[in-house]
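Sharing a structure here in structure tokens format.
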Amino acid sequence: MTRIRHLVSIDDLSLGEIRELFQHAKRFGEDLRSWSELCRGQISASLFFEPSTRTRLSFESAMQRLGGGVLTAAEMKSSSAAKGESLADTVRVVSGAYADLIVLRHPSEGAARLAAEYSLVPVVNAGDGSHEHPTQTLCDLYSLWIERGRIEGLDVVLAGDLLYSRTIHSFIYALARFGANIVCVPHRGFELPEYVLRRLREEYGAEPVRADASELGDIAQESDAVYMTPNKPHQLSLFTDSRGFRVDRVDAVYMTRPQTERYRVEGEEEGRYMQLGANEMAVGPLREAVLMHPLPRRDEISADLDDDPRSIYFKQAARGVPIRMTILAHLLGRLELSAEPPVSDARRFAVPPGSNPCPNSTCVSHTEQRHLRLSFKLTSRAPLRAACGYCSQEIPIGLVGCSTTRHFHPRDSATARKIRPDHLIFFRDEAQATALGYSAATR
Amino acid sequence: MTRIRHLVSIDDLSLGEIRELFQHAKRFGEDLRSWSELCRGQISASLFFEPSTRTRLSFESAMQRLGGGVLTAAEMKSSSAAKGESLADTVRVVSGAYADLIVLRHPSEGAARLAAEYSLVPVVNAGDGSHEHPTQTLCDLYSLWIERGRIEGLDVVLAGDLLYSRTIHSFIYALARFGANIVCVPHRGFELPEYVLRRLREEYGAEPVRADASELGDIAQESDAVYMTPNKPHQLSLFTDSRGFRVDRVDAVYMTRPQTERYRVEGEEEGRYMQLGANEMAVGPLREAVLMHPLPRRDEISADLDDDPRSIYFKQAARGVPIRMTILAHLLGRLELSAEPPVSDARRFAVPPGSNPCPNSTCVSHTEQRHLRLSFKLTSRAPLRAACGYCSQEIPIGLVGCSTTRHFHPRDSATARKIRPDHLIFFRDEAQATALGYSAATR
Amino acid sequence: MTRIRHLVSIDDLSLGEIRELFQHAKRFGEDLRSWSELCRGQISASLFFEPSTRTRLSFESAMQRLGGGVLTAAEMKSSSAAKGESLADTVRVVSGAYADLIVLRHPSEGAARLAAEYSLVPVVNAGDGSHEHPTQTLCDLYSLWIERGRIEGLDVVLAGDLLYSRTIHSFIYALARFGANIVCVPHRGFELPEYVLRRLREEYGAEPVRADASELGDIAQESDAVYMTPNKPHQLSLFTDSRGFRVDRVDAVYMTRPQTERYRVEGEEEGRYMQLGANEMAVGPLREAVLMHPLPRRDEISADLDDDPRSIYFKQAARGVPIRMTILAHLLGRLELSAEPPVSDARRFAVPPGSNPCPNSTCVSHTEQRHLRLSFKLTSRAPLRAACGYCSQEIPIGLVGCSTTRHFHPRDSATARKIRPDHLIFFRDEAQATALGYSAATR
């Protein structure tokens, strides 16, 4: 039996596969109504543990345009979950005979990975908390590729709230992976967080440099711009003078909405968030830039841009249907790709019994009580760094234990570095290590 | 490109088109299960901003009987709308690639027109507040046509709450348009409102006369009956003596439910509303009358009539499926009509910037904050009368301004009458006119 | 016209029909994706008056795998029902043209029978309060039949809460009907209720005897086991000594979840409910027993059994799809059965006007105000016993009246026994009889 493939993270697809999917999506998009035999007889189930009408309708449209059937559970909370059923059991039942593919939306980070571990059919992550939403990212990349014919080497401005938005973080990693140049123009106080910058540096070799974005006009006036070129850390310095890299031509502006619930500052009035209008888009470097937005928008893009040919945000949303058609058809075995799949992540290890080291309280490893298979990913050996196998958040490591010797060691000690990964256990502090029956290593 | 056709109001269809739709509906209804190839590959989206299970299921049944797919958003409020997205944006996204037709239900009057302005695919109004619900009206007319073979010249009794019911008002206009004679037998205190009577008079030449409905028995005992013959204002007087026109033979009785939330009077007990039973239907003039009701009913029709062959209210509901099939197939381009479409409403003009003159607080022009294209319809030049372009409610006009001269004038002045419609602006009073920068006309 | 068939109770199917359905289900289950032409053009409507996502999805999957369409009303309460429409009217409308079959879930016992009385299309009971859920029972029986090749003569252990669970009661009756031997191992205090035992005795000749279940180990330690062999009341005594019938080999264990809301005893802590794990299943008599559960489970089956080949609870849930496919295809006229249908229940009589004798306050005869056709089933003449025609609950009989003589009599009098069933009327006491205009029989 071939292994079931899932789409939990965009990293479950290789660059080659993504490029092939784009070609197929283009073909599908030419006449959406002519593919209704491709998945005839197949059924997808939308299991939505939090409402997201737009995402759900996009997937359900894609499945129906492929001729497949759809089962809808738009508000899963109200039903069996309320009777205390574990996510693992729900997934095992639905994947048993009800559906041939599961589209899962869940408020907890890592939920889609947990589901994939137990499902008998492919699982597509339609958003797991603030973790991943890979088809949204694919849709954004695809829209850029359709407009520009390529992604590598494009100069893409990311504007607005770069701190909290899951969408923007996933998109930035994907841009870096495809070799696009990234210009961050954050709303003041909403800069890209340090852990995103570190991953960009460590995984994609993208070193941020100061950028002179004064030619971008109002978009950039409120904050310090930053420029990153992945995989070419040294080349960039050639273009940089004391004012920073000069941004004078942009291929795309990706605008984000404020995460309102986090944005409102007490005592301050609302509405200071940046707003793009015809004036802001009139500056030279943006003359040929397409304007993107993940939608829904509120006021951050004015209506006076809606009919501007550079505004592609509605097209971008529409393109979610053909790109999701390719994902569904591929995972259902009705669309073969010739590119190699990605090399599987070999650095994943089981967490020894004891305690869950994940610090993220909304991670599925904490919100689900049963049927968990705790694991961690070893992201770096020196310094020792690890991430939760479900939600990818970094595990705070105070001390390091070895599950065979039952000793603990300082995190950066030579001994800690030599422990086999499948024997590693992480402690916040000595109290926790002792409580779990570990003792200090004898000299 | 041909213009997209919508069904926002029943006036979007010509009489000839409606007659043709009835012929097709009859054909569809003969075997509902044999049309499943007609719209194969097409998708309709039910966007319901307030719940209405019956209407939604009727549309979704019609679409599936045509072989099409259905996307369901039965409770739109809970999702993206809650994130503050405008109706216009929602419609632009859904009509981009998700669906080939939108069925919209919305609590605000005029919402369907707003949606139609932005949609890339046909919009069908499945009820916008207390404004219009054209497929319900078509269903009622169709049921009458199926039972009697024609509509023109029929004598139709409308009984019950004629004051608040949207259904009844739309049905009355449609009966008048088709040339049926209307007998109003309202529950006391729930007479037809003045603006409906005026429209019947002005648009259809239907002058109400006193009617002697004593032969109708209990149905008519509580109130003064009124009789109207459209388009023949003078002919009627021939039949009328001092007791009024004598109602002695009826083709159909259309019973309405009380709009309970408005009906309960403080301090009074419930349940005085009229009730039709076998006894009430036993009088001579009703011997061959069919009994209709838009459903759901409560107690206004007794169960003892359910098996009476004249009771067609359940058939009437069932006929909603074939009639909706014709609408969907037609708007999706799979059912050609040979009749001419109606002449488009040329009396619609943009409201100049300033303030929204619509007095209806639940009109979409007030409930939606963004992406509005305010307009008014000029319903009469002398006296000057205008209606909101979204909700059709009459605009209260105190003073009239000209947007080029920036002067205001008395409503009924000769100058006011000469202002070009596209320069007209309406003010409640002088204070408002002045606040908007208009001044009194110099003599 | 042939009479419409419904599936309100599992007794609506004969044993022969059920055996044939199992054969078809097996055929369907071999490749679920190859039957998509069988019900093309047909539509089922899920009318759920209380949420039950799992059941709904199972039915909707079955219908779509047959190529049919689905209408979903997952939360019926919020809509027309809230406007006060009777269930009968809702069913008449939906069955008029919207759907070709209705799947009904309702919180009131007897709701499915009421629906069937008014529906123009087949009604499938998907759970009516704590009354019946016939497709769940069929699914359980089918799973047993698939695993063992037969049902007759199997030894089936029923463990846990045998007091409150509708699922378990229906399953026990069905096992008795098929001639399986039943071993009850209740959680202490949650023994099978007396009325279930009586029905087993009276309808299936199953006399409970004490059982020695000590070889079953922990499962049986908390309570007194009971053994029943249907239709062989005398044979059993041969095997019984003073310790009771010895249980030393079991074909299946059917575990139930605690009905938590009823289970929590004030002042006591939660979690004492029995839990099956690898240890409990390791005893000799269970070596070849399959482990079943209706799901969702909480902690009553440990995860360490999930990969045990005897654990078939996930397969059991999956088999709900093919078995429901057979029911839908059969009722829609697309799957002919050669076995005779059951003899219809001739002992059903109309309740004379007056008062509703059903004592069950959640019976649909009490929760629905309109369009009821009250009836009773005469379950025994001596002693006189009757059950509600909707919810099947026993009617408390104080006195017995005759609707022609208008006299009442003591329940067990010779006169009472001679009243014709269609003249019978039941009174709680003399006060009620007198209030309804009945008088004591003259001597």
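For clarity, chains are labelled A, B and C in written order, and residue numbers in each chain start from 1.
Keep this in mind: a contact is a pair of C-beta atoms (placed from the backbone, for glycine too) under 8 Å apart; a residue touches a chain by one contact, two chains touch by 3 or more.
This one's a predicted model, so the numbers in the text were calculated from it and none came from an experiment.
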Where subunit B and subunit C touch, do the two copies share over half of their residue numbers, giving same, or under half, giving different?
different
Copies subunit A and subunit C - rotation angle from C-alpha fit, nearest 5 degrees
120
Based only on mean CA positions, could you tell me how far subunit B sits from subunit C in angstrom?
47
Would you mind listing the residues of subunit A that make contact with two or more other chains?
72, 74
Enumerate the contact residues on subunit C facing subunit A in the complex.
29, 32-34, 36, 51-54, 57-58, 60-61, 64-65, 72, 74, 260, 295-299, 303, 314-315, 317-322
Would you tell me which residues of subunit A are touching subunit C in their complex?
40-43, 45, 69, 71-74, 76, 78-80, 83-85, 89-90, 92-94, 96-100, 370-371
